[in-house]
Amino acid sequence: MTRIIIHGCNGAMGRVLAQAAADGSDIEIVAGIDKLADPKDFPFPVFHSLFDCDVEADVVIDFSRPEALQGLLTYGKMHNIGLVLATTGYTDADKGMIHAAQKDCPIFQAANMSLGINLMMNLIQKAAAFFGDDFDCEIVEAHHNKKVDAPSGTALALADALNATYPQPKTYRLGRNKESGRRTRGEIGIHAIRGGTVVGEHSVGFYGTDEVVKIEHSALSKRIFAKGALRAAQFLCGQPNGFYSMEDLMAQETMTSLYT
Amino acid sequence: MTRIIIHGCNGAMGRVLAQAAADGSDIEIVAGIDKLADPKDFPFPVFHSLFDCDVEADVVIDFSRPEALQGLLTYGKMHNIGLVLATTGYTDADKGMIHAAQKDCPIFQAANMSLGINLMMNLIQKAAAFFGDDFDCEIVEAHHNKKVDAPSGTALALADALNATYPQPKTYRLGRNKESGRRTRGEIGIHAIRGGTVVGEHSVGFYGTDEVVKIEHSALSKRIFAKGALRAAQFLCGQPNGFYSMEDLMAQETMTSLYT
Amino acid sequence: MTRIIIHGCNGAMGRVLAQAAADGSDIEIVAGIDKLADPKDFPFPVFHSLFDCDVEADVVIDFSRPEALQGLLTYGKMHNIGLVLATTGYTDADKGMIHAAQKDCPIFQAANMSLGINLMMNLIQKAAAFFGDDFDCEIVEAHHNKKVDAPSGTALALADALNATYPQPKTYRLGRNKESGRRTRGEIGIHAIRGGTVVGEHSVGFYGTDEVVKIEHSALSKRIFAKGALRAAQFLCGQPNGFYSMEDLMAQETMTSLYT
Amino acid sequence: MTRIIIHGCNGAMGRVLAQAAADGSDIEIVAGIDKLADPKDFPFPVFHSLFDCDVEADVVIDFSRPEALQGLLTYGKMHNIGLVLATTGYTDADKGMIHAAQKDCPIFQAANMSLGINLMMNLIQKAAAFFGDDFDCEIVEAHHNKKVDAPSGTALALADALNATYPQPKTYRLGRNKESGRRTRGEIGIHAIRGGTVVGEHSVGFYGTDEVVKIEHSALSKRIFAKGALRAAQFLCGQPNGFYSMEDLMAQETMTSLYT
């Protein structure tokens, strides 16, 4: 049984996570944290700050905002508790803080908790290695009209994965207009569509001479991120201090067990 | 028999036009104009400037650059000859010049010569009228990596067609980045993908609460633009001075005859 | 206030309908009918058969199975109550029964309750009229892996809408294999993808010489069908006996009011 | 310099191949074979049958029909010349003949000569291994309306590649209709769209609970198949007798050199 604290329990993802945990097994939500939560709405104890929470737990799953990072790392070190960081929008300074904190507690971080997206990361790296500079790469993502950041953290993570493969890293072209001029080989285009209630779509296209290869992922509901985060929490439970990513999770388990 | 001068005969579209004309009937290319053309390469007389051309003709089809506009209008007036303006990238000042010149000769202008794109214009206006402000509209276009302008003239024409339908015109958002903030109802997103040898793709998406409608066009070769321009030339031949668009062409003829 | 009986309240769509009604205004679910329902699960009285139901209502919305049609029509006549038939899979004999019953009560029937799909019907008819026989038309639909019928009722309704436009109706080609031979102009291809939890996607493609136009609809949740059915119930309330379709609904109201 | 005989030089692919060879380097078309060819149309000697051809060559590239296989194998053995078999539609009996003939001459065979498609084969195997039985796999292909066979040889090769990965091979469902019933885990759906002048599109979709991953390839012109066949001919030249596939070609060379 993995005992979990949900950080950001009143947000959209926090609520989906609580529901997914209730449907799962070997998992218990022992507390929720949210400045704005009304405890009456939740079937578990709720606190306005992590530091008010005296419930014993194995892992904190964070679906709040990047600004909460410092508090989370402090709490993780204080209680030597696992942290699943499922928020996007971390700055380079944030990433440095995470890197420094990995000696104090087990930390799992991923820009996207979906297993499908993480497979996609792997496939686009193979394609980029195969096509090299001869194919132009362009990323298109689509999300609902309430999303605040653009492009999505996942789109940037996909671009970073490509750049980890290319011998010469490319620059990111965030949309094109009159001033953009002709495309160069040294760029990756990233395009952010916003509209309606789209949960999340990501497409990576490789455009060559007279042929195009596209690798695409569509999320139909937020449950896939909740399920991935719960799986990460179970994985993290009992690991030594250190930094863990989806690759570690995927390497350890056969996929059949991941998906059932 | 419609006698045609190709303005820009050495460019990619000029060459496709000459080929399409050779495959067609009731059409004759009587001259070509191009600063850079080698007359030996063409089966018709070639001149370096329109004003050197003394061949009698019914229509000039222009597939060169917007900078050539003034010369074309002067020539049209001087010879009272029909002009098919198939170049994109006209400024508002250019459009004013075209408007002023329509009393001097018959002028046909379209941002995109494909009949499929022009049907699309019609369909997206119906969709925009139906959905109103409740659906967010986003345009995505893709073209080859040598295209200089972004977004495409056709994408802008599609957005203009939408704005002609909405009670309140919307602003164009050319790509999104960290500074863009949350989407508003008053914007149309326009995204320009560039890669490989894509001839031309345009997609207009309407994103509502839990449903999305998309209307898409793919051009598989440049021949469709050449065929549309030739059809426009035939239509223009014998018309009184004035301004004509694809709507005029489409209104006059049954489609079956257009496509055969 | 429109008082509604949900026929098939225990099914997936019945439950979504009850939820959507609870979120709406001027609507009240006064009873549910379902052979398999446990009354404790519902906030309104539940009966195992329509004929056990003694609750006064304005409209019955049916999301059950085509086999239930005869009982519904009998009940509609008996109580002169409006019927919204939102089930798919009716046979020609069923359609004949509906036609005969329209003199006894107001009946609203649509193969798909989404307003987006009904716009799509309209757009593909315009495209088919424009392109005529020169473009090949192919329909692709995708649904979750639990869907029993193929192709979907909506795909067939889209094909019927095309055939109502073509001068010569075309035959439906349900998938192709070794025996199919070369495509003829007299056919519409219909392809049914089944997988995962896809709510519903429909794409109608027009394939011409070197250009393709596609019109596509994606449903992201079943709520859009529930909202359309509730709107139909409100529309039907107070209408004289007769047959009504989405076109009648769409003609009467401005879209802005439909979507808010 | 690789000396090549084009078998089927008068067909659409044969002509594209001759053009691509003329644009390339280190390649010479030394003869063409075609029952229906008029020698005046070609810049190289043309024969009506392979067995009339007395021109010395290194490789025969076949883009004719599966019925020509026996003659090709006989000729390959007789002259110990390399054979690039780029025709699709081979039966199991044909494949047995190819297998038997590989001791007599070097044979290269691929259902699709495009490097992009062959990367796609690799990626879908990785996805199938990752997702296992938890995701439903469906293949959609689109080709022009003159294509005789359905589904395409490439679509079947993609399905075979998936089945080589799944622990239990699945059956192929070629389209769905009223009789198909609910989808089972033991099937791969294959859908063949036919229309207009589409060169070739293949899409493999993996449909899971609330997420979908798609891997897609579009061919914009037949040149990509011609270039792949020429590359295969160069690879085959000088190899010992035996059977070779795209995997052998891709393993040997770095992609950068393949694409330049």
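All chains are identified by letter, namely A, B, C and D, in their written order; residue positions are counted from 1 within each chain.
Heads up, the rule we're going with is that a residue touches a chain if its C-beta (ideal position, glycine included) is under 8 Å from a C-beta of that chain, and two chains touch if they have at least 3 such contacts.
Just so it is clear, the model here is predicted, and its values are computed rather than measured.
Novice: Of all the other chains, whose mean CA position lies farthest from chain D?
Specialist: If we average the C-alpha coordinates per chain, C ends up farthest from chain D.
Novice: In angstrom, rounded to a whole number, how far apart do the mean CA points of chain B and chain C lie?
Specialist: Distance between chain centres, rounded to whole Å: 39 Å.
Novice: Taking the mean of the CA coordinates per chain, how far is chain B from chain D in Å?
Specialist: So the centre of chain B lies 38 Å away from the centre of chain D.
Novice: What positions in chain B touch 2 or more of the other chains?
Specialist: In chain B, residues 135, 196-198, 206, 208-212, 220 touch at least two other chains, as defined above.
Novice: If each protein chain is taken as a node and each touching pair as an edge, is the resulting graph a line, ring, star, complete or other?
Specialist: Topology of the interface graph: complete, with all chain pairs in contact.
Novice: For chain D, which residues are in contact with chain B within the complex?
Specialist: 196-199, 220
Novice: Any idea which chain C residues touch chain D in the complex?
Specialist: Within the complex, chain C contacts chain D at residues 135-138, 140, 142, 145-151, 174-178, 180-183, 189, 191-198, 205-212.
Novice: What residues on chain D touch chain A, complex-wise?
Specialist: It comes out as residues 114, 116, 119-120, 122-123, 126-127, 129-135, 206, 208-221, 223-224, 255-256, 259-260.
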